[in-house]
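Listed next: structures, encoded as structure tokens.
Next, two complexes with subunit A in common: one pairs it with subunit B, the other with subunit C.
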Partner chain A sequence: MGTANKIFNICKLFGNLTVQGSVKTVPLKPFSIVTRSISTSPPLKDLMEFFDQKDKWGGIEVKTGRAWNKEEMRLKSNTDLHKLWYILLKERNMLLTMEQDAKDQVRLFPNPERLDKVEISMENLEAVVRERNKAYHQLETGETGERPGKVTKNAFGLNYYYKMSEYPLPKHMNKKWQQKYRFFKHDKDNEAFLLKYREKLYLNKKRQKARNFNHVIGLLNRFPNMDIAALKQQYPDVDLEKAKRSRKYGGHFVPK
Partner chain B sequence: MSTRWYPIYQKTGPQLRVFLPNFWMKLIRTTEKQPKNIVQFSCSMQMTQFDIKNYLEKIYNVKTVDIRTRIALGKTRKDPGNGYVIKEDDAKYAYVTLPKGEEFQFPDLYPDENKDKEDYEKSLEQTKQGYKDYLEKNKGRPGMPGWFTI
Partner chain C sequence: MRFSFTNFARIGKWSQQFGNLPERYIERAMNQVYWKNPKGPQYKPNAVLQRKKFKMGVHRPWTMEFKNENMPKTYSPKIFVEPIREWSYFRGDRVEILVGKDKGKQGIIKTIIQERNWVLVEGLNCKLKNLGKDEKKDFEGVYIQEEQPLLVTTDIALVDPSDLKSTEFEWRFTEAGEKVRVSARSGRIIPIPASVEETIDYKSKSTYREQPKDTTTDVVTEITFEPKLCTFEMDIMEKMGIKEDRVPPKSYWY
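Moving on, here comes the complex of A and B:
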């Protein structure tokens, strides 16, 4: 009963689908989330759309709201988001034009954070669309539909993320691909390089450890009543007992 | 596929469409003197002439006759302190010709030339008045630092 109810609710969300069979129809509560449709002014559809509204020319301050966040955009339909994308795109072009002209004319571009707000909105919108895309692909194909990739070793033997792509030719025939992507091959020079590279990493790690150890001793000397638990949490690799046994621990005085 | 990743195009396959284009275009003042129906844009480096045509027609409803693009090399200069060479980014410029009979003039974006000056003078006046008030307030206690109050 519970699951059937849920499914029915979901169906209701997707549109007015009729549910057949022995499923009991339960009256739905009116939607608690009231979504406001995007309010738009009639588009100018002109080159003047590259400029701000006339009353804002030469102003010192232009007041604007905040960026769109993901939660708001999740409530919107795909068509609404598609429309919103073009609104944002135009807004960004307008702001870029105004900013460029202000720069050229050595003038003040009022409220440059408007550009950031538009950028943030666009990023959020793309993220939401991507979410939907993923969900759709999961449902249809069982895969995310994202660009596949894997961690491989480059020519020097260092790990990197290789983004996979579709090619009209198979690997062994694709000379361009072979020239562009060179993967790890065992060889004397590589071996020598990796040995030195790893040594460097190892020494860095070792020095970091020693530095932390000495730093903890210094902290203990300066603040004898310190919170030991917090210290342990921040420097988990330092052996406190060992630090206290060190000759650097304690002040320069004769113990009683 | 994600919104920015497309499958390879093969014959008889569906046409690849851009649903969320992220090209940008800036309308800028023409650097050289141009006929009245030529508009200069700075645009994304990836845009082709066809892209620009479609972009203006579909999004801005601006018909175009001819589009020419060029890529301007970014200027190089020496870092004043360290002496190494810094190169500014390259930029793509598009010269768009509008149909016969249409004109575009770059608007005067800073209509009241004197307004800035007035604002500046106003703030200067305010600062002067504030300093006068401060002097007046501290008349009776010379040598006392400004932050000290009772």
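Moving on, here comes the complex of A and C:
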């Protein structure tokens, strides 16, 4: 924990300096009753919040539970989700820092699946927030309120999803946009490209089909007592009757 | 960046179950991406060169052993795996071994390797493995027993709980609509063991010990949602006392 230790020491040295900006000191009157209000915010740890707790440094295993799922998040109010987002964000930053620190020191980063768990939670949270916003917009305006987009063809003539953006100028006046975005225009070169591209796709498909066919024959030869229903379920496009008629079907022996 | 597994060998549900890892992590740990197209108008989007065929052995895809077995530019011969309609062998099942030197013995399933139709039975069908043999130092090494995989289709049979003898079985529905394995010989239900739930982190979900960073159950199940006619952002702004009365200028979406 080279970097972490350095930052920890610096924080200890300048601890008072860094905190001063955010702490208000109120001069107390003599003989007044001092009551301390309950603080719900987490303790301020400066840059050390980017690192894990000190007892976990250099550990082999850090056990954690699973990610939050959507059903659980749907029970929570908007404020709770807002707070949870920042908890997750801080946790992700901490994990990324620890991962990089482990990499720098050529050490093992314990339980890297923690990162995925946090990211899955964040994705689920975003999905739940979008669900709520969509419901509101559909009730009020009849539209989803999502960022609009459409499936168009790019300069090569391949389909892609174009995400629309907001501009201060209408399309015909926006020269910059016109230069940046070039959509499909039918011409000779494009036609030649697409012909070859589609041929490639077609051949890939055909080869995959042939591969499946041969694989099924291989399976039939190796496992004569196989569950045929399972075979059909796994390879629905292979004609079994045709496969059994193939010369590859059956072993290398003289027929009786 | 994530790449989907669509045309790859997927990791079976029961192989993943004991590891208790998110599927997304397994993908990330397993993937070997050699090249992917940068973003830009001159590149075909999402073009990726990556390993498609993996050797699925006894090692789990997120382990170092698996990575060593699947080093870049190493290829293994094609393996034919018999298709099975439904997986019916679970951790903790008592099975009888039908082949090999432990033929006729009964044991408990320890590990499931669904991609190969394999199971490991605890303490049976073992091989001696030498560890740490060093001829320079004149050290003989240490021998350990290592369970060898068994095919579920031919090498093992489930044990009927009524007479503790091997039997064939089939999946049926009870009157309550529950799906159960029924012994073909005696018609008795072969119960699915409780250790199905077991993972590397806990024996059962109810006995899971909460870790310091886990959110407690009462906090998770507490309902704080109240329906309101506003968007998420409007609600947060209201709660934080942010007022916005500026009118945005006219804009165009395209």
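Convention: the second predicted complex is superposed on the first by the 147 of 256 C-alpha atoms of A that agree within 3 Å, B and C clash if a C-alpha of one lies under 4 Å from a C-alpha of the other, contacts with A are read in each partner's own complex, and residues count from 1 in each chain.
Simple rule for what comes next: contacts are C-beta pairs under 8 Å (C-beta built on N, C-alpha and C of every residue); 3 or more make two chains touch, one makes a residue touch a chain.
Values in this document were obtained by computation on a predicted structure and should not be read as measured data.
S.K.: Does the superposition put A:R198 against subunit B (first), subunit C (second), both, or neither?
M.R.: In the superposed model, A:R198 contacts neither subunit B nor subunit C.
S.K.: Of the two partners subunit B and subunit C, which one touches more residues belonging to subunit A?
M.R.: The larger set of subunit A residues in touch belongs to C.
S.K.: Who does A:N133 touch here: subunit B (first), subunit C (second), both, or neither?
M.R.: both
S.K.: Taking the superposition on A as described, I'd like to know which of subunit B and subunit C A:P168 touches: first, second, both or neither.
M.R.: It touches subunit B and subunit C both.
S.K.: Quick one: classify A:W57 as touching subunit B (first), subunit C (second), both or neither.
M.R.: A:W57 contacts subunit B only, not subunit C.
S.K.: Looking at A:M122, would you say it contacts subunit B, subunit C, both, or neither? Reply first, second, both or neither.
M.R.: Touch partner of A:M122: subunit B, not subunit C.
S.K.: In the overlaid three-chain picture, which partner chain does A:K70 touch, first (subunit B) or second (subunit C), both, or neither?
M.R.: Neither: A:K70 stays clear of subunit B and subunit C.
S.K.: Figure out whether A:H82 sits in contact with subunit B (first) or subunit C (second), or with both, or with neither.
M.R.: Both partners, subunit B and subunit C.
S.K.: I'd like to know which partner A:M98 touches here: subunit B for first, subunit C for second, both or neither.
M.R.: The answer is first: A:M98 touches subunit B but not subunit C.
S.K.: What part of subunit A is shared between its subunit B contacts and its subunit C contacts?
M.R.: Residues 82, 129, 133, 145, 165-168, which sit in both footprints.
S.K.: Would you mind writing out the residues of subunit C in touch with subunit A in their complex?
M.R.: Result: residues 21-22, 24-25, 28-29, 41, 44-45, 80, 82-85, 153, 201, 208, 210-211, 213-215, 220-226, 229-233, 235-236, 239, 249-254 of subunit C touch subunit A.
S.K.: Considering the complex alone, what residue numbers of subunit A touch subunit B?
M.R.: Within the complex, subunit A touches subunit B at residues 45-51, 57-58, 60, 82, 85-86, 89-90, 92-93, 96-98, 100-101, 104-105, 107-108, 122, 125-126, 129-130, 133, 145-147, 165-168.
S.K.: Mind pulling up the subunit A residues that touch subunit C in the complex?
M.R.: That would be residues 63-68, 72, 74-82, 91, 112-113, 115-117, 119-120, 129, 132-133, 136-137, 139-140, 145, 148, 154-156, 158, 160, 164-171, 177, 182, 215, 218-219, 222-223, 226-227, 229-231, 233-235 of subunit A.
S.K.: So in the complex, the part of subunit B that touches subunit A is made up of which residues?
M.R.: Per the stated touch rule, the residues are 1-5, 7-8, 10, 19-22, 24-29, 39, 42, 59-62, 104, 107-112, 115-116, 119.
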